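The same chain A turns up in both complexes below, where it pairs with chain B and then with chain C.
For the complex of A and B:
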């Protein structure tokens, strides 16, 4: 075993071979992000009668390591929209600062009035989503993408519930329910049972929608190895945003785990 | 020959603390024919008096649509206004593309304010020789802004700029309280009356020399409010409005006192 300080934290040469120093080159062509590093997993969101529910867990993983367990991945914009981030956490933090600037600029342009009592600005979720889409697509064309998938929840210009997604390529789409990352495979089918169409979503009550999203978060925790049981959940309506950041998954049942075969040490 | 030594460029103060080039630019605004703007709670209108260089030529346009929700009326150098108008059109289009909404009017006005101010502080540049009234609607309601070559911008309830505009402003000040609750048609009528105040004797509003621009909120069929696209009205389209404020129609009204009597 090599105990010299310069070998600390390095893979052992006797096991992994000599360390490949080419990764540490300081010269050569400029390289932008080619893979996310510290990552957040799924964001799930569901429209209901008069708003949108959105949730994401509080974990930031470093590869498979659950590295940071108190990272808030839902962000409120101008008290009227919520942005949920999956993917690279440092890019999320960059976007967060950028959106702060945008919100301040927007607030300067609005003076309080009878219709808009707080000087919050009139940029709604639909406007914000369009802006983020242009931003993400621009960065993709620069070959320097922001490695995120983003869900934007809020209301559109007609005060109807709005939910849309944009990813690191600038691909944008909208649906009554949306889930990023692992949730696209695990949570979407559950949410679609309750809200397959806009009409279905318009019949969902707030409590039902919250219940469905919480169920999705639980299923994701069961099956997504990069997830955690501490999560944030926000409800956006025309009355504003209610954000809870320290929720704990309740009534977990791991009974199904016993029936899983083929992974652990058991010999079938 | 020279009025003084401190008016050769727009970057030098006079000892009295004035920048003469900027003041001369403001004079150019006063040479332009008069334009009037008025807001109510629901609408904003621009009314302008067009001039023709000579009897055989056409009348120079005074009111321009910038975007679906905004337009301008100009007083001063038309060619300078064209530069500002093109800039504003581009900004509105760019904002629509990136945010999917109408550019808020104050943002739009701040942009040309900043642009015009630069010309008063950089050597070799000259201020724009044009004043604007910017009319538009956004989520905060209808707005009217004044723009001056100095880069100054200000929100107004009602205003007039251009030659003899003081007469129009006096009319607006006198009727200020009425505007807020005016209907679209009443607001246009007030605009035309204000415009008439500033006419030289023996001149009248005609369908050739009168231009009207309107935007605001209107009720849709389903009861929701929708934006009435900014539109410029010229020629036959303004005939009914002009006739509505004709002198003989006005005579029985209480405003007879302010009318001129032909000698």
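For the complex of A and C:
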């Protein structure tokens, strides 16, 4: 089989003949903003009794090249929410700066103090998610999408754990557990074993949730060729955000790899 | 002022023959009628405080804040015409944002003071505008830590300094006062408005300069005391005390400009009220009963 990326998703030359590209336009509008270049892979997140755990590895890939290995893809917003970015890293930087401006705007209106670290006037995770959804949908309608899938973790206006996703099309949804990118296929089934419903998630302890998410990160590292064993993990509760940005995957076992058949160039 | 009536006080952009700009001097007069505001720079932070004159009983208590946040680490308070102050704050925020857009890093307090000083000075140059009727006090804490660039994703090179010299102290608390002429200086303690004379005299007694040892929490209490002391109960209407503070990353506000917590403010206010009352009583019946008392500050006051 032809494994070259150029052949992905194309009719096979050996069956259908060479691809006729003559009718394709060779000139046109600048399209450099319409495909991701340097990308981050999955973000996984899981709700528990009194908060949310969210994790993403520290890799930014340039195609299949592991280009940057110390990239922080979890961003804290107003000390009370965490935004996890998958997809294009430069679009993530744009959004991060934009959210930074938003956070400064917030401090104009309500000068926070130790009395009310996040007073009623301050944007919570639910507000932030709604805002990002509008932003992403607007950009999609401008045919200039921000090439990201974003998970927002934090608390809603009732101080309940909040977790939701928005992607480059502005599609938004929420669930007790969420994973973007490859994680949607590889991590979600694992998390759903522990928290299929909101009720299940509300029974999970913090330690259990962290354990499950770490397990997911490990499975993703085994299976996802654009991932890395160094990752960031954050726990959001009403006491704030605990973010660790230099975690190492522990207790890896590659014994299973021996038994994998059907990939790559092996002939057996 | 012999030059009054000669016409030189009508135009902003014209000097009088003896080298004065009368419009600027009149603007200073406008400031002298405003509620007292002060700033204290101490060893681990900055405190801003203002005597907010309550113009009407119909105004909600604690609403209509007079101290503004310009960037996370910057606060501004002003005495004089409130609308002018509001515009000053708007412009300061624009400057802070523009700095972030260009340099991807928070604006140093000194640079904000410089830009706003220049902005106010421009309003003394043209016939079409009048000077600002405010004196603004700008307080900030420039981070002493190695800050990430805004939006940065990696950690940058592990070796090689980012413009910082090893062993040299970077960042720290800063305080500037900008006058209607556009003049600005850096201060250890600054005061503007009605009660500035009393306030300045009190600020001079504090241990602020050089290796001043006053702590941030003490400074909050001193600020409250000074505002209460400089307030004239007989002449003036009621007032509210508004205070904010900025500490370093390891202090109580974690490098941010924040309102002083209610509990601390009320504690400081209670003590300030007591001391102010005592100072007034002391004026009447001389310091016979104050002598055995331990209060040194009242004693200082008597000597004046």
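The rule we apply is simple: the second predicted complex is superposed on the first by the 223 of 268 C-alpha atoms of A that agree within 3 Å, B and C clash if a C-alpha of one lies under 4 Å from a C-alpha of the other, contacts with A are read in each partner's own complex, and residues count from 1 in each chain.
Following the convention adopted for this analysis, a residue touches a chain if its C-beta (ideal position, glycine included) is under 8 Å from a C-beta of that chain, and two chains touch if they have at least 3 such contacts.
Owing to the predicted nature of the structure, the values given are computational and were not obtained by experimental measurement.
**Student:** Just to be sure I read the superposition right, which of the two partners does A:204 touch: chain B = first, chain C = second, or both, or neither?
**Tutor:** neither
**Student:** Between chain B and chain C, whom does A:60 touch in the aligned arrangement: first, second, both, or neither?
**Tutor:** Second partner only.
**Student:** Touching A:71, do we find chain B (first), chain C (second), both, or neither?
**Tutor:** second
**Student:** Determine, for the superposed model, which of the two partners chain B and chain C contacts more residues of chain A.
**Tutor:** Counting contacted residues of chain A, the larger count belongs to C.
**Student:** For A:101 in the superposed arrangement: first (chain B), second (chain C), both or neither?
**Tutor:** Touch status of A:101: second partner only.
**Student:** Is A:92 touching anything from chain B or chain C once the two structures are fitted on A? First, second, both or neither.
**Tutor:** second
**Student:** Once chain A of both complexes is superposed, is A:123 in touch with chain B (first), chain C (second), both, or neither?
**Tutor:** Only chain B is touched by A:123; chain C is not.
**Student:** Per the contact definition in the header, classify A:178: touching chain B only (first), chain C only (second), both, or neither.
**Tutor:** neither
**Student:** Which chain A residues are contacted by chain C in one complex and by chain B in the other?
**Tutor:** Touching chain B and chain C on chain A: residues 111, 113, 115.
**Student:** Any idea which chain B residues touch chain A in the complex?
**Tutor:** Counting only chain B, the residues touching chain A are 97-101, 104, 106-107, 110, 138-141, 224.
**Student:** Considering the complex alone, what residue numbers of chain A touch chain C?
**Tutor:** Of all residues in chain A, those touching chain C are 60, 68, 70-73, 89, 92-94, 96-97, 100-101, 103-104, 107-108, 111-115.
**Student:** Quick one: in the complex, what on chain C touches chain A?
**Tutor:** 65, 67-69, 71-72, 93, 96-97, 100, 104, 150-155, 244, 252-253, 256-263
**Student:** For a test of understanding, state which residues of chain A touch chain B in their complex under the given definition.
**Tutor:** For chain A paired with chain B, touching residues are 109-111, 113, 115-116, 122-124, 126-127, 130-131, 134, 157-158.
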